[in-house]
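What follows is one structure encoded as structure tokens, with my remarks underneath.
We just call them A, B, C and D in the order they show up, numbering each chain from 1.
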Amino acid sequence: MTASIRPEHRADVEYLLRLGDTTLILGQRLGEWCGHAPILEEDIALANVALDLIGQTRAVLTRAGEMEDQGFDEDQLAYLREERDYRNLTMVELPRGDFAFTVLRNLFVSTWLKLHWERLQDSADAELPGIAGKALKEARYHQQHAADWVLRLADGTDESRARIDTALAELARYVPEMFTADAVDAAAEAGKLGPSRAALREAWEAEIASVFGECGLTLPAAGAFVSTGTQGVHTEHLGRILAEMQYLQRAYPGGVW
Amino acid sequence: MTASIRPEHRADVEYLLRLGDTTLILGQRLGEWCGHAPILEEDIALANVALDLIGQTRAVLTRAGEMEDQGFDEDQLAYLREERDYRNLTMVELPRGDFAFTVLRNLFVSTWLKLHWERLQDSADAELPGIAGKALKEARYHQQHAADWVLRLADGTDESRARIDTALAELARYVPEMFTADAVDAAAEAGKLGPSRAALREAWEAEIASVFGECGLTLPAAGAFVSTGTQGVHTEHLGRILAEMQYLQRAYPGGVW
Amino acid sequence: QRLQERFDARIDAGDFIEAKDWMPDNYRKTLLRQISQHAHSEIVGMLPEGNWIGRAPTLKRKAILLAKVQDEGGHGLYLYAAAETLGQSRDEMLAALHSGKAKYSSIFNYPTLTWADIGVIGWLVDGAAIMNQVPICRCSYAPYARAMIRICREESFHQRQGYDSLLVMMQNGTPEQKAMVQDAVNRWWWPCLMMFGPPDDQSPNSAQGMRWGIKRVSNDTLRQKFVDATVQQAQVLGVTLPDPDLKWNAERGEEGHWDFGTIDWAEFWRVVGGDGPVNRERLGARVKAWEDGAWVREAALAHARKQQTKQEAA
Amino acid sequence: QRLQERFDARIDAGDFIEAKDWMPDNYRKTLLRQISQHAHSEIVGMLPEGNWIGRAPTLKRKAILLAKVQDEGGHGLYLYAAAETLGQSRDEMLAALHSGKAKYSSIFNYPTLTWADIGVIGWLVDGAAIMNQVPICRCSYAPYARAMIRICREESFHQRQGYDSLLVMMQNGTPEQKAMVQDAVNRWWWPCLMMFGPPDDQSPNSAQGMRWGIKRVSNDTLRQKFVDATVQQAQVLGVTLPDPDLKWNAERGEEGHWDFGTIDWAEFWRVVGGDGPVNRERLGARVKAWEDGAWVREAALAHARKQQTKQEAA
């Protein structure tokens, strides 16, 4: 492996990259907590979520590489694309923030992923149902873990409530992207590869509302801004993540690990 | 430019890399302040110091490449070595810290560099005297700028004094490396390439004491620990600096900039 | 009344107004708003470029970029100084920036995603800024005009450096580098056209600005001039401007103009209104720098007071 | 007195002591110190490895590393739980760590400078830890012994994974990768030998530990066993251990041993005393995590209290 690779911009591949890059970059962010969490149990739990996400990434990127047909494996796809060819939800590339930001983001993203995995069990693709079945169990646990913490923090102290409120205000801005469908979604839906993002909005909002309802939080109404990481236009944070993540692959061309 | 380069471990080249890597990495750290300094004048001043340091780096690494004789240019040397082949003072790779840490480190390093440039004006090397003459003027300004701020902060408010005290406690640990000579220093001295680090201690301590004397600071006595960046054994910070600094060169092999 | 008449007459005669001269309140306010906004743009503009200092691909490019942000800081200084002649302190102007009351150029609410963005900012963003700023060198308020003369000279230099760095990549670079340049142009082109402000028929303040000799050329005129100049440069560079409606129209004006497509003014107003890609990050970074630096400024002040006391005692 | 005699008799008979059993104060204190130090080592040990999670070179290696640090966190949990049976809370133990009163394994005061360090930590550091820990699976204090059995099983797995990752690089990697592995071995070898503690004749606590069945094998014996086992593995790997005095001595012991050079005990004591390469960073990171997380722990507590009040009211 040496220079950058560029996958063809095919709708089915893009669809999988959106999933696989979202789990990859969130896994990367959660890995940053290692040794720095508020209690040992959370060092373990966040490492565990990250581990699951990296496992999901491996399965999804491997499948994306098979579809794409230039023979790219999971590591080439994870490590050798240029920034503009990553397709993750913008939300996951934001800095790890404080623990409130981390668990609220985990709640949002794991719910979004869970809804995908549920529906991907019925994908017409040969591999995705199997991948989704395994990932679904993990996502349910991730969602539960995040929801438990959101409840605790929202209904804890004044400080923890203020921090959850701040996190919500920051993250809400990146929610519309989760449900703004485009041609890639339309093709996936038409081809029975997987659901359009738009189709998940109602269920997602209901699940979030059910958690929020227990602790008096409200999801802000969506603004006009729609972030565009899933279309490859990211924030300035992704470039820094990639500089770190890709470093060894870039610095040791032809290396075997 | 593609894979990593490895300069031969020749004493004269190592000697120059210690200078050039120190200016390079300190310049890199100071660049992080851009847009984030306490007042606009300091955004400008720190960018200016960084700019001077990068200029010095270019001259010194170019000369090191000529001596080394594999035809490496300044950019290959700056961007394509592995971590263990960098030779900067450990002190400069420490995170940028707060403004007190930044100006105190600048005082320590610019004084150290200034003493080098003074003596390098008499180097037997064909190029170094010219490089040193230009750099000396810059280093004097850097030293003055840093000293002014150390005075202000040490004799400012209780908070600024506490911050300078903290910075001093942190930095003092990395001072002994500045004056612990080894075979590279001995060879440079013998070959009239430049001074041994050990020969600069007295003058450095006197200049620092003269600044410190004005504001009641005292340089702590040296402990047993001697950091080893100049011998290529760094802290965990350098790897992260390099991941950022080298990213484009690594990700775009054969690129022309 | 007499003062107002004399002021109008001087403006009509093309005289320059100095800080000590009488001027109408609105003239002062309009200038203050414009100069401080311009100053804020210089310092907020350091952020998107600062994002790439650590990753500049060669030492030469790193040095050029450091020199550029240093210049921009300098421009901020001149402009704050020019604005201060109108009776507002820099701290007051910064407070207005930090509270969101004062604006800065909306172009800096777009992120710098690749190294080519740095070149494109030099070429297009600085290019558009120069188009906007050259007429201000003849602005009726002399301190502002003097600051602008110096600034425009440096900006032209930055623009050439930006263009040059793109030219190197397009002429000698790898296919990946060329694609990176084209991508950056695609992202920055339309926001740059918005830098000239809303269309003339939707720009209510323009007429008064023209009358006062603060504004010399209309938004649409400047925008057209920018497009005409840039199309040629894009051709030399070998990039495509992302506008299918772009075509030469020999019929317009004396020497013809380039027609261009419709600007998405909804986006413009959204970003100006605070809802662009990185508005929060930019303002947040400035506020954080200011707050984190409070203890430094207090220390400097305390030290200066102590020094003064000592000198007075001596 | 009777209790003491009965306790001694049980120890002599090789019985296990349980938490509810009577035990001498010093036995309790010694165990507490040792178990909490071991627990602290697990969590401080997450830091040097955590440093490379973000840069792991393949997804598989990233997953393996995440699983490993997760296991280490788990080991910390078991060990804190085992120590708590002796009457000190986890928070008290952490307070002792953060104040510098309690120690952790000095090996973690060395930095992880390259990716190969991660493999070498698995191979050598975990290898040395296992040598130290296997005898503790027969420790007289049952809760500690039970925790160690589980821990040793997982550590062996980690050691194999570390060794395997080095083997891949040494057998199939580039020359740069091989050099990276050799360099990591050079840096970690001597500190690993120090992990067994001071020489037997300078280890005053060892005798009492042996008597109590807390310590089963002496420092020097374990160290020799580690060297003997590791030399072979190094040969298979194709790396050179950085000790010119290393040579086979068929005369020593029944089956012979590898002689090795003199350990720099001054360095050992300096690092144990707090003056190693990254002591401050490691402890600083733990203290910062604890302080930054205070509001989270308070919130969890406040929430639990509220829930309890609700339940009691219902």
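Heads up, the rule we're going with is that a residue touches a chain if its C-beta (ideal position, glycine included) is under 8 Å from a C-beta of that chain, and two chains touch if they have at least 3 such contacts.
Keep in mind it's a predicted model, so treat the numbers as computed, not measured.
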{"item": "Interchain contact steps from chain C to chain D (minimum; 1 if touching)", "value": "2"}
{"item": "Mutual neighbours - chains that touch chain B and chain D alike", "value": "A"}
{"item": "Intercentroid distance (Cα basis), chain B paired with chain A, Å", "value": "41"}
{"item": "Rounded Å distance, chain B centre to chain C centre (Cα mean)", "value": "35"}
{"item": "Sites on chain D at which at least two other chains make contact", "value": "55, 176"}
{"item": "Chain B, residues touching no fewer than two other chains", "value": "3-4, 82, 243-244, 247, 252, 254"}
{"item": "Chain-level touch network, classified as line, ring, star, complete or other", "value": "other"}
{"item": "Pairwise chain contacts under the document criterion", "value": "A-B, A-C, A-D, B-C, B-D"}
{"item": "Touching residues on chain C, where the partner in the complex is chain A", "value": "48, 51, 55, 111-114, 176, 180, 183, 187, 270, 275-278, 280-281"}
{"item": "Contact footprint of chain C on chain B as seen in their complex", "value": "24, 27-28, 31-32, 34-44, 47-48, 50-51, 54-55, 57-58, 61, 74-75, 78-79, 98-99, 151-153, 155-157, 159-160, 163, 244-245, 247-249, 252, 254-257"}
{"item": "Partner chain A, residues of chain B touching it in the complex", "value": "2-4, 82, 240, 242-244, 246-247, 250-254"}
{"item": "Parts of chain A lying in touch with chain C, wherever the complex brings them together", "value": "3-4, 82-84, 170, 173, 223-225, 227, 233-236, 238-239, 243"}
{"item": "Complex interface listing, chain C residues touching chain B", "value": "43, 46-47, 49-50, 53-63, 66-67, 69-70, 73-74, 76-77, 80, 115, 165, 168-169, 172-174, 176-177, 285-286, 288-290, 292-303, 306"}
